[in-house]
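Notes follow the structure.
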């Protein structure tokens, strides 16, 4: 087994997620039947998407292992590879290397607990995988709260799915946008503020937080105020990654490699590291 | 110890100490003794005590002007890239400058990388710096354990040998063809004026290559760069290289491949030299720092020679004359065109 | 108990020519001292006499051998009529067997150290499994050598298959591994070393050991953030040019980058050396750079070698060869940094 | 080299004079060699050394750069700055051993359809004479810089 060699996949579907057109969700199907069966990701893990001739990029897996037969990746157009990926037609060939990293401890530490998912902007992708997984194994978890925000209604991800989740009574969904917008009837305000207002109980709970660093920084004080501690909070670290195997050195944050040891860490762990992410 | 250089060292120390004590400058870029014989480490003195460590000798091979723009920037109060500079005077930096180093400072001024009022130049005449490779070939590659400098000689010794070498025999090639040993800008002088060197041919190596056939020239070039490890020491040590993103780091499009492909390495060296066209002061840092001993200065020398031939300008000598590639003349030669 | 042989120069040359029959034998290539040095630092043994092996490590480290620049990971086609277009295939691997003669213990130790993070890397392991290392112990050290300070020794045998020590014109060869045994078994012509020679070898080894200190254990015991926040990093960074000379000449700097290259309708995915000294190394696609400042990058290089790596794998990721000290354009000396780190409370 | 070999030539033509000249040639049904591939650029001074060397690296057998005649530049003096750079670049690449005929510069006014066709023909013929470019062309059959491959 060569860990550098990607599985071959085809783009099965590509949907533009946001109004600026910069974020697309790709549905990939591995070409080989057996590889498709063997590929079992944990929510929170990522994979290397590989465009021959362009390069590889690490992207969080947005689909849950309970969604069988395909993989979903929500990709922001930023650099060389993502730009090329955005231009690829349905049916095109693409490489997938993974799953990589540790993922959220959904079957260990956080099983049986109340789950609070907090996300901002484009960072909901692996949390979508987590939410889908939790909803598919609903009995294994306590109360589920989702707090998600974006700049404008048009910048929210997975709009149709959110509509479905909002209808359910076994998950408490709060979707917010930064500023008033026409035709928006939902919450208005930054994620940290909304998190403070929702005030999820820390009792037997964990929070999974993904978003821009500034959002994470401001989300913590309101949570800490109501009794949350650092080891209840799970974060996902991002850094430039190349190999995804903890060898090439690029992603190191002090002694740890987010690509191998992470990307998911408790806030306690993150705080013990140099600020190099 | 060399009388001349120890006198310059003393003068540097006292002057820098005074400047730092009076808080006229926030930092001073100079040299201290390295940890190996015959090395000098570029050093940023930030306190009057630091000034006591400064030295000047024949081993100061790195052009300190390379540190100037980033150091000045680091002393500005932190602000976002779009914010304007704060009002009032900003901290100043002192720098040691010989002829070629001062020419680089002059170019940085012309290219608006530094502000004249923030730089205090301690100028000194320079008799040339030592080429370690030349020393190495004289002592047959044996390891030097001790070395000391006299005015016209260096004494080196190691396991089973001890030799005195004439300074003139081991000066760097760029120093042997130096046309400007004394600083072109300075605020304070340390040491005396150095007489101009008699240079019969400024470009002996360029002439040598030019006399070869096309195929031989290609062979020479490929052989020269074949050992390049692309560490970019030549680029990073160059006071002319200050682009925020170097062409080698561009990815869209990628001008230069990243590995050691001969075509990519060729392009790197051609473009690096070409970016110095009309700006290179022949300070020799690029060639000196190359860990693999590549003589890349031949390329910049070729450009310097052509610039003189075609446009008659000497980089950094006259701070009022525009740099040759930032100007033009309607009568520029164009006989190279189809 | 290792087998120890005693050889005359001619016997050793005979060994080399026997090895050449089945493998490619390489020896150090120092160039002629004029013009640029040879990049690889290794050349195929010409088949004549034992090459002169200069004291101290060769100019370029063994990394040029273990991490080809570049290494093709995969190949692919971009031809529109190819049904397998854009499908990455494993690149063909070098199948030859290699014997490296004349490397220094520090370089062999570097292979051992690099093998720790690369334990599951198929390319590294493939190459390592086809390479036999015949090292020469150092009877003479350079002023920049400091292997004893970082856990090595002039007689270190880590990863060596055969260690040769020259004693009074004779060569004492210690066979240290099965691969080494396989080489010696077929080669013949050498008798066991005399008791006197073995005693002399032991004496030399013990003498070298006395110098050994354990900086590694000492640093492991220190608190990470205390070292990270130490005050001296700024002054180290003041001189640094942020070039990659130290990382590229270092035998234990193993970071790489991966990129695709296309020429015509053929493509390859290569990996090639990268250096944490370069700003691009850690820069995100968004433009954010976690190590945007020169000081952070300088610190990362030393912290990785002297703290992060030992915390993870045990030994320091430095073999004390001194190449970075010799070749640093601005004389940044890792021995000073090590001393400074050891002084941090 | 087979008789049928045809060179690939990249022509960087400025938007204001040289490209219209080539256009005029087309309108006037003047034929120019089909191995010239035209890249339109805003001004001849847009053509950096990077572009010229990239063309060679990517397998162009010849490069042609053309702008407005001195004095006619749409941006007043772009071509005059460019002229200095081109002169130095041409000298430098010939200095390191690139054949003089590989990289060519000339001026063409928008009305000079006939002239641009003539130049293309001349350059095409002289590049054909030189044969396929071998220097500074990126290939994969170059051995990697490691001893075992270098000497294999």
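Points to keep in mind about this one:
A, B, C and D label the chains in the order they appear, each numbered from 1.
The criterion applied here is as follows: contacts are C-beta pairs under 8 Å (C-beta built on N, C-alpha and C of every residue); 3 or more make two chains touch, one makes a residue touch a chain.
Everything numeric in this text was worked out from a predicted model, so none of it was measured.
When the interfaces C-D and B-C are ranked by how many C-beta pairs touch across them, B-C comes first.
Between chain C and chain D the centroid-to-centroid distance comes to 45 Å (mean Cα coordinates, whole Å).
In terms of their C-alpha centroids, the spacing between chain A and chain D amounts to 49 Å. Chain C has its Cα centroid 32 Å from the Cα centroid of chain B. Between chain B and chain D the centroid-to-centroid distance comes to 34 Å (mean Cα coordinates, whole Å). Contact with two or more other chains is made by residues 39, 69-70, 257, 259, 261 of chain C.
In chain D, 138-139, 144-145 are the positions where the chain touches two or more neighbouring chains simultaneously. Residue positions 79 of chain A are each in touch with at least two other chains. Going by the touch rule set out above, the chain pairs that meet are A-B, A-C, B-C, B-D, C-D.
Residue ranges of chain A in contact with chain B, taken from their complex: 79-80, 83.
Every residue of chain D that touches chain C in the complex is listed here, in rising order: 59, 138-140, 144-152.
If you check the complex, the residues on chain A that touch chain C are 2-6, 8, 50-57, 78-79, 82, 92-95, 238-240, 242-243, 245-250, 252-255, 272, 274-277.
Put simply, chain B touches chain C in their complex at residues 34-36, 39-44, 62, 66-67, 70, 136-137, 141, 143, 145, 159, 223-233, 235-237, 249, 257-261, 288-289, 291-295.
Chain contact summary for the complex, chain D toward chain B: residues 49-50, 53-54, 57, 70-71, 77, 80-81, 83-100, 104-107, 119, 122-123, 135-139, 142, 144-145.
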